[in-house]
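Think of it as A, B and C in the order they're written, each chain with its own count starting at 1.
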Amino acid sequence: MSNTKNVLELRNVDKSFGPIDVLHKINLSVRAGEVLCLLGDNGAGKSTLIKTMAGVHAPTRGEILMDGKPISFRGPKAAQEAGIACVHQFGGTFPLMSISRSFFAGVEPTIGWGPFKVFDRKKANDIAVHEVRNFGITRIEDGDRLVGGLSGGERQSLAIARAVYFGARVLILDEPTAALGVKQSAHVLRIVNEAKRRGLAVIFITHQVMHALAVGDHFAVLIRGSIAADFKKGDKTREEIADLMAGGESMADLEEKVGIEA
Amino acid sequence: MSDTIQIAKSSKPKASRLSVGELMRSPAMGAFVGMVLVFCIFAAFGFHKNFLSVFGIANWMNFASMIGIVAIPVGFLMIAGELDISVGAIMPASAMTLGILCGPYELPLGLGMLITFAMAAGIGWINGILVTRTQVPSFIVTLATLFAVGGLTLTLSVIFVNRPQVAYEAPELAKALLGDRYFGFRASVFWWILLSAVLYFILHKSPWGNWIFAVGGDSESARNAGIPVNRLKTALFVLSAVCTAFAGMLQVAAFNSAQSATNFPLIFNTIIACVVGGVVLTGGFGTLIGIFFGTMTLGIVQQGIGYTDIDRNLSQLIIGVMLLAAVLMNGTFQKLATSWSTSKKED
Amino acid sequence: MNFKKTIVGAVVASITAGSAMAADIALVIGSNQDAFWNVVKKGAEDAAVLVEARGGSLTILQTQGYENYGPDLAVLIEQATAQGVDGIATVLPVPEAQLPAIKAAIDAGIKVTLLNGGSDSLKESGALNYFGSEEYTAGYEGGKYLAMAGAKNILCHNQTPGTANLDARCQGVVDGATEVGANARELPLPANLDQDVAGTSAAIEAELNGDPSIDAVITLATWAADAAYGAIDSLGKTDTVKLGTFDLSPSTLDRIKAGTQTMAIDQTPYYQGFLSVSTLAANIDFGTKIATAPVLTGPAIVDAANIDATFAGVEAGTR
């Protein structure tokens, strides 16, 4: 259920900070309704890549294209307006605020005009609860409940539901399951599938192979700033993917190095 | 592949028991209960000295109002994750500016007030710029402005009027609006209540209030959500300075004089009022009504003790204990609010 | 005005550089937050005109506050000693903390005069003279004055109980009033209300309301007089409760002129500053000494009878 045009594409993107080269010749693309899993260990350059896609950094070389047209973002806000939404592992929601206030932070619906604008709590509650339930989080009924009372998985889902509601076309999820247990991770993965079903392009960044395999259509492995491998689901086995993730070592090599008798 | 998402009924987890309405009531309720408790104690011990009279109530309300007017914007900044201790110098600076301009230099009161407000806004603006443009924590920035403004006030006063105090009697109408007493309550009490109402609307009803909570909760996320974090914080510092200046003006109108000495007690009193009123120290949560009750509680303890036979020095001990109790209670509420539990064990 | 004096002094100093008459003097006094010291400084600065004309200099050292008064003053005296001054004029409110530093200065050949507080320790300190008033005596005169003016029950407000000189003042008030057959007691307020006009006013108001027999209040600082007046005025008792204070300020004098305050006790801080510095310089340059020691610069009572003469001085910050 994906159309042929790439929603977001990076062509030959390099990113350097002064003399330090972080990203080399990155070629990535993702289509609507598709999940691209970006696998990479710590230090591979993931966060720089995310920030470049989200408009925080501008590429040193190369170009970014949306819907086939080259685009450059003045800043993260511009990227957001273009439809690129970033959901981080922590943050994005405010624990001591209500679900509706957190959902609408910065873009509050109001009644009235001028300096007498009042936050439209009822409307905000209705919309926030509706959106979140639509994503399958049926536990939430009251928009006045505190975000802090939600589980980690539910908070991630809230952030994703928010991004979708405000018109995201590309969802960049930065290690969404890294801090979650098995059951909560499954929850988040179901939300990712739902987003995909609704036609978003999802870039799912993780170093957990199992989770990537559960939702990914398309995989790229980032090793030391370059794309070391790029393949579709089914092109490689789980073991091969895990090996690539670990920097090219096979399990056997690792065992040998560690001194375990085969 | 199923499109819909099912959650097995048997493992439906329990949500946190507290909704926002309930949480908002809790620390504010704590502050209210504390206030009532303290009021009853002093009413009992101070009965024979007329603590329970209109006069007795007006007595501590007058004192509380001077703290309250400054405590609310200081509380806003605390909710947004910042501190402002320069209020201790802005109050005497404003009082002296008004007193000198309108007293010995005989400027019309309206003009003097305008200039004083502008000066205070300028100081607040500098605080805001320094906090948002540098990595220096607001405690240090406002500590610096505290001493800088304090020193300037002392020096400039001596240059302009040869001493660090000034006498000024405001004209009739101004006195009636700013300094006089009605049924024992000073004008500052009415201004305090009015300001509280306006700021209640801003904090709890307007979208900007939501921004304040968001910035205090997680300023990065707030920025990503499009909230102009720097402009908001600067605006809050300006609000704090301007309200403090107003308190200084009310004092001049009431007591016909101003002094240059930095008002260190004001710093502690406003922070205590906020914390006892349920403002979370790390930012992101607080209620206006809580700050209001916290200020009243402080007033009752500080002044109420004079109606009893208890040694006045113990007032400091009582305040310290109250503060500790408030922090512990509020911490518990916070934990309760951000807890999540399942009724069934996870696999 | 200050700049002009500095320039004149600098020119004269450069001309007379190397002359035997060059008294470098340090004045060590209290908190720069307290308006009282400003008047002392005015007196000292006037004396400095002469000092500088003869090629000397005046440095004014102040403590930051009163919280650590004795040790802070001792540190300032040691600082002046280390700077190699010829003379130190200092206050002596906490002899135990300061006498060692003063002795060390004298041993280093520095001449010392005392001002404002510590007259009891004059002999022990080895200083040339003391210029100030005696706190107890001033309180005594004040209490007596109010009692003779008709007060029957006097309240003495003490903003930092435990401070020797303030305690002595109120003790004096009590004794002076009792001498003439009136009642008097101290109102000690906690130190966290020090300098807090609104808080002090509320506290005094509560006290007056709780005991309607109080018909006079005396305060130990002029900001406290403002606070007390606020309390008396709020209760509408300006005709029945007399107000007195230590020291002068513009608002105090306005009230005496208007009849809403009865009196103020002037310890003439101008002379404390002027005489402590000028006699010190003269002793360093010429070896002169005043025969009378201590020299009492107060108390002088300012009331409706002599109020007009004070206004010019208040404008100039010298009273």
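As a convention for this text, contacts are C-beta pairs under 8 Å (C-beta built on N, C-alpha and C of every residue); 3 or more make two chains touch, one makes a residue touch a chain.
If you're wondering where the values come from, they're calculated on a predicted model, not measured in any experiment.
Overall, the chain located most centrally, as judged by its C-alpha mean against the mean of all protein C-alpha atoms, is B. Chain centres computed from CA atoms place A at the largest separation from chain B. Chain geometry summary: the mean Cα position of chain B and that of chain C are 36 Å apart. Centre-to-centre separation of chain A and chain B, using mean CA positions: 41 Å.
Centre-to-centre separation between chain A and chain C, using Cα means, comes to 71 Å. On chain A, the positions that touch chain B within their shared complex are 76-77, 80, 86, 91-98, 101-102, 104-108, 110, 117-119, 135-136, 138-140, 142, 144-146, 148-151, 181-183, 190-191, 193-194, 197.
By the touch rule above, chain B contacts chain A in their complex via residues 1, 3-5, 7, 12-13, 15-21, 23, 205-207, 209-211, 213-214, 217-218, 220-222, 224-227, 280, 284-285, 334, 337-340, 346-347. Across the complex, chain C meets chain B through its residues 32-35, 38-39, 42, 188-190, 192-199, 201-203, 205-207, 209-210, 222-223, 226-227, 229-230, 234, 249-251, 254, 315-318.
Listing the residues of chain B that touch chain C in their complex gives 49-50, 55-56, 59-60, 62-63, 66, 154, 158, 161-167, 169, 181, 184, 251, 254-257, 259-266, 268, 302-303, 306-307, 312-313, 315-316.
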